[in-house]
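After this come two complexes, each holding chain A, first together with chain B and then together with chain C.
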Partner chain A sequence: MRSVRAELLKLATLPSLRRTALLTMTATGLLRWAVGSDGPLPLTYTQAGFLIAGVLAVGSEFEAGAQIRATLLALPRRLPLLAAKAVALGLMTLPAAVSAALLCGAGMRVTGYLMATTLLAGAVTAVVRHPVTSLLPLLLVYYVATPLLRKDWLPGDPAGAGTTAAVWALAAAVVAAVVFPRRDAA
Partner chain B sequence: MITIDRLSKTKGKSRILDDVSFEARPGRVTGFLGPNGAGKTSTLRVLLGLDRPDAGTALVCGTRYRDLPRPLTRIGALLDGSGAHRARSARAHLRWVAASNGIPATRADEVLETVGLTADARKRAGRYSLGMSRRLGLAAALLGNPEVLVLDEPINGLDPSGIRWMRSFLRDSAAEGRTVLLSSHLMGELAETVDDVVVIDKGRIVTSGSLAEVTDGHRTLEDAFFALTAESGASW
Partner chain C sequence: MVTAELRKLLALPTAWAGLAIGTLLAPLIVLINARYTHAALVDGTYGDVADLGLMDLGIGLIGPMVLGVVSISSEYTPTGEHSPGITQLHATLTAMPSRLRLLTAKLLALVLVVLAQAVVVATAVLTLNEILHGDFTPPLEPARIASALLYWVLLAVFSFAIALITRNGIVPLTVLIINSTFVSVSYLLTKVTDLAYYLPDIVGARMFIRGGAFAQPISPVAAGLTMTAWIALLLAIGAYLFHRRDA
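And now, the complex of A and B:
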C-alpha cells in the first residue's frame, strides 16, 4: 500500500509526535510510581498525550506551509487517503498504547481505549482542520464533561467501558468521511 | 495535454470562474495570464483536484486528476509554498511524496540536485528562504518526471538569477515535449518564454492564442494585456 507507506513516513518524520510520545510515557510512568498500585488511574491524566498525538498527526497537514496540498496532489482520492491516514496513525499508536497500558499494569481493553482516543482526535481534526480548535473541545469532553457528569456514554474514562471511545471514534470518522471528500482543499 | 472545458465556480456570492475553457498543448509553454484575483489559481486548483467546480471539466491527458492512478508520474504542480511541513527536512518531505506514488526514493536526491538544493537537503523546510521553498516545491513537481507541468506564479519570490534559471528550465521542458502551463500576473517577465497565451480577467477568458496572435496590433504582450482587460476597469 503506497498510501499507507507514505503516511507512515510522514508520521515517523514529525518531531512533535516523537516528543509527545516520550513525554506521555514518562509522565505515565512517574504517575504509576506515585500511585503505587496497578490500574488505569494514571492514564486519566496522561491520556491527553494520545489526544494530542491524534490532533498533531492530522493537524500538521493544515499548519503553515499547507502540507495538505502536497498530500492531495500525491493522493487525490480522498476516502482512500483518509483510510490510509487512519491505518498509519493506528499502526504508529499501537506500540505507545501497549506500552502505556503495560506501564500501568492495565490490559488489552485500555490499549484499545487509547487507540480509539487517538483516532477520535485525528478524525475530529480532519473535520475541524485546525489543531488548537480541535484539541479544545476534545479536552473539554475528556477532562471536564466526563469527570463532572459521570455518564457511561462519555468517552473520557480509561477505566470505563472501552467501547464508548470506540463508538465516538467511529462516529467522528463517519463525519470526516462525509465532509472531507466534499470540501475544497484548505 | 491539458483540456479545460467550460469550468464555472461560485464562492460565496461571487462567480470566480465563468465558463472557462482553454487548452495547453505538448511541446509548448502556455502562459495563463491575468491580474491578481482573476481566477488563475482557482482554475489550476480545480485542474489539480484540490477544489471542485460547479460545472465543467478539467482534464490532464484526457483524465480527471482524481482518476490518475499515480498522478505525480503524469503531472507535476508548483503552487505557492513548498507544501513541506516546517519541521521536516527537504529530503524527508520528498521521500514521503515519492513513496506515495511508487517513485524510487533515489529520485529525491536527483531532483534536489536539479533545483540546486543538495547542500540544504537536510535542513528543515521551515528554515528555507522564500526562493528555496519555491525550489523545493519545484523539486516535488519533478519527482515523477511528469509529461505535464503546471506552475502557479513560478517566478514569484525568485531573484534575478532564479528567474533566468526558471525561464530556461521552462523552455527546456517544452523542448523535451512536455506540456507546460504557467500562470502569472507579470506580463513583461514572460513574453519571451511563452508560446501560447490565455488571458483571464474577472473569471472569464478574454482571449487565447499564440503569442503572435494575442500581441497582434500591440507593441508588447503587456500592452495587449492592458488593452484587453482595460474595458473592465483597472485592477488597482
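And now, the complex of A and C:
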C-alpha cells in the first residue's frame, strides 16, 4: 500500500502529466463544441492525451538521471513495483477518464477504455524505455492500423468493444513483467 | 557543419524509426488497398484517375514529421545523470556558437534526408501502381511528382519549426501525426469553416492532388505559396525564439 502511495505521489507531482490532462480536457471540450454533436468523434482525439499520459508517467522513470535507480533502491522487488505503478497509474487516470467520458456524453465503457489506453501506453513504455520511441508504435496502431484495417482485435476505436484495449494492456503488462525484472535498471 | 548535423540526425534511433515507417507505410498501403483500388478503377468510382499514385504520396508523412521533430527535440534531451540541466544543445552550441548558422545547417541536413526518403517512396509507390494498375496509371507528370516531393520536405520543415517553438518532442509529434491520419483535425475544421482549406497541411496537398474532397478551388502554385508562407512565419518565430532564449 505504501508503495502505491509513493507512486501516486510521484505521478501527482509530475508537471508534464498535469499539463497533458489540462490540454486533453481543453481539446476535448473545444472539439465537442466545434463538432456540436454526441458520439465518439471527440474521443478519437481525446484518447491521444491518454496515450501520452501513460507514456509520460512511465517514461519519466527512464529519462536521463534514471530516476528508476532511486526507485529500485527503495523498492528492490521489481514485480511488486510494477504492480504498484500500474495501480497508481490506474487511480490517477480514473478521474480524467470519467471527466473525458462525461464531456463526450459517453458512459462507463468509455471510462474503462480510456484507462486501458493509458495502462497500455505505460506498459509499452516500460518495455521500450524511451518516450518518443514508444509513442510512435502506439500512435501507429491507434491512428493508422485501427482505422485502416478495421479489425475488432485492434485497440484504438473508442466506439469498439471495450475489452479489446484492456486485453492489449494486459498483454503489454505481461511482456513488461517478463522483461523488467531481467534487464539492467537503466 | 551540415555533415555534422547529418551524422547527428542519422544516429538517432527515433529518426530511423521515422525513416523506416515513413518509407514503408505508403507502399504497404498501396499493396493492402490494391484489390479495392483496382475494383474502384474498373467500375469508375475511383475519382480523378490522374491522382492515382500521387494520392498515395499523401501517406507516410509520419516520416518527415518524425525527422523534423527529432532533429530539434533530440537537442533538448538531457545528456546524462551526472550533468543535471545540461542538454545536448549545450555541446552543440559550444561547437557552433552562431545560432542562425546552426539552424541553417540543421535545416539543410533535414531537407537532404527527407528529400532522399521522399524520392525513394515516390519511386516505390509509382512503380507499384504501374505494376498493379498498369492499364489505368496516368502518364507521369514530373511537375506534380516534384510538388509531392516538395510537400514532404515542407512538412518536415513545418514540424521542425513547431518543435523549435515548443522545444519538446512528444506533443508536437502527437498532434502532427494524428493530423496526418484519417481523423485529421485540419480536415475536420474544413467542415466547420472554409478558411481551414488554407491550413498548411491541407493547402499543401493541393500542390499535387487535383481531385478529391476539396471544395475550394486553389491553384497548385497558390497552394505551394500559402504553405511556404505558413512555414516561413513559423520558422521566423522559431528562429527568433531560438536566438533569444537560453539554451
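Throughout what follows, the second predicted complex is superposed on the first by the 186 of 186 C-alpha atoms of A that agree within 3 Å, B and C clash if a C-alpha of one lies under 4 Å from a C-alpha of the other, contacts with A are read in each partner's own complex, and residues count from 1 in each chain.
Note that in this section contacts are C-beta pairs under 8 Å (C-beta built on N, C-alpha and C of every residue); 3 or more make two chains touch, one makes a residue touch a chain.
Quantities reported herein were computed from a predicted structural model and do not represent experimental measurements.
A.B. asks: Looking at the overlay, does A:52 come into contact with chain B only (first), chain C only (second), both, or neither?
C.D. replies: After superposing on A, A:52 lies in contact with chain C but is clear of chain B.
A.B. asks: Check the residue A:14 against both partner chains and state whether it touches chain B (first), chain C (second), both, or neither.
C.D. replies: first
A.B. asks: State whether A:175 touches chain B only (first), chain C only (second), both chains, or neither.
C.D. replies: In the superposed model, A:175 contacts neither chain B nor chain C.
A.B. asks: Applying the touch criterion given at the start, work out whether A:185 contacts chain B, chain C, both or neither, answering first, second, both or neither.
C.D. replies: After superposing on A, A:185 lies in contact with chain B but is clear of chain C.
A.B. asks: Go through the superposed model and pick first if A:63 touches only chain B, second if only chain C, both, or neither.
C.D. replies: Both chain B and chain C are touched by A:63.
A.B. asks: Looking at the overlay, what does A:72 touch: chain B (first), chain C (second), both, or neither?
C.D. replies: The first partner, chain B, only.
A.B. asks: Output check: A:91 vs chain B and chain C. Expected answer is one of first, second, both, neither. What do you get?
C.D. replies: After superposing on A, A:91 lies clear of both chain B and chain C.
A.B. asks: So, does A:5 touch the first partner chain B, the second partner chain C, both, or neither?
C.D. replies: first
A.B. asks: Identify the partner contact of A:22: answer first if only chain B is touched, second if only chain C is, both if each is, neither if none is.
C.D. replies: A:22 contacts neither chain B nor chain C.
A.B. asks: What is the shared patch of chain A, the residues that chain B and chain C both contact?
C.D. replies: On chain A, the residues that contact chain B in one structure and chain C in the other are 63-66.
A.B. asks: If you look only at chain C, which of its residues touch chain A in the complex?
C.D. replies: Contact set of chain C toward chain A: 13-14, 17-18, 21, 25, 29, 32, 62, 66, 70, 73, 77-81, 84, 169-171, 173-174, 177-178, 181-183, 185, 188-189, 192.
A.B. asks: Which stretch or stretches of chain A touch chain C in the complex?
C.D. replies: Touch list, chain A to chain C: 23, 31, 34-35, 44-45, 48, 51-52, 55-56, 63-66, 130-133, 135-136, 139-140, 143-144, 147-149.
A.B. asks: Of all residues in chain B, which touch chain A in the complex?
C.D. replies: Residues 45, 48-52, 65-66, 68, 70-72, 77, 79, 81-89, 92-93, 95-97, 99-102, 125-126, 140 of chain B touch chain A in their complex.
A.B. asks: Give the list of chain A residues in touch with chain B in this complex.
C.D. replies: 2-3, 5-7, 9-10, 13-16, 60, 63-67, 69-70, 72-77, 182, 184-185
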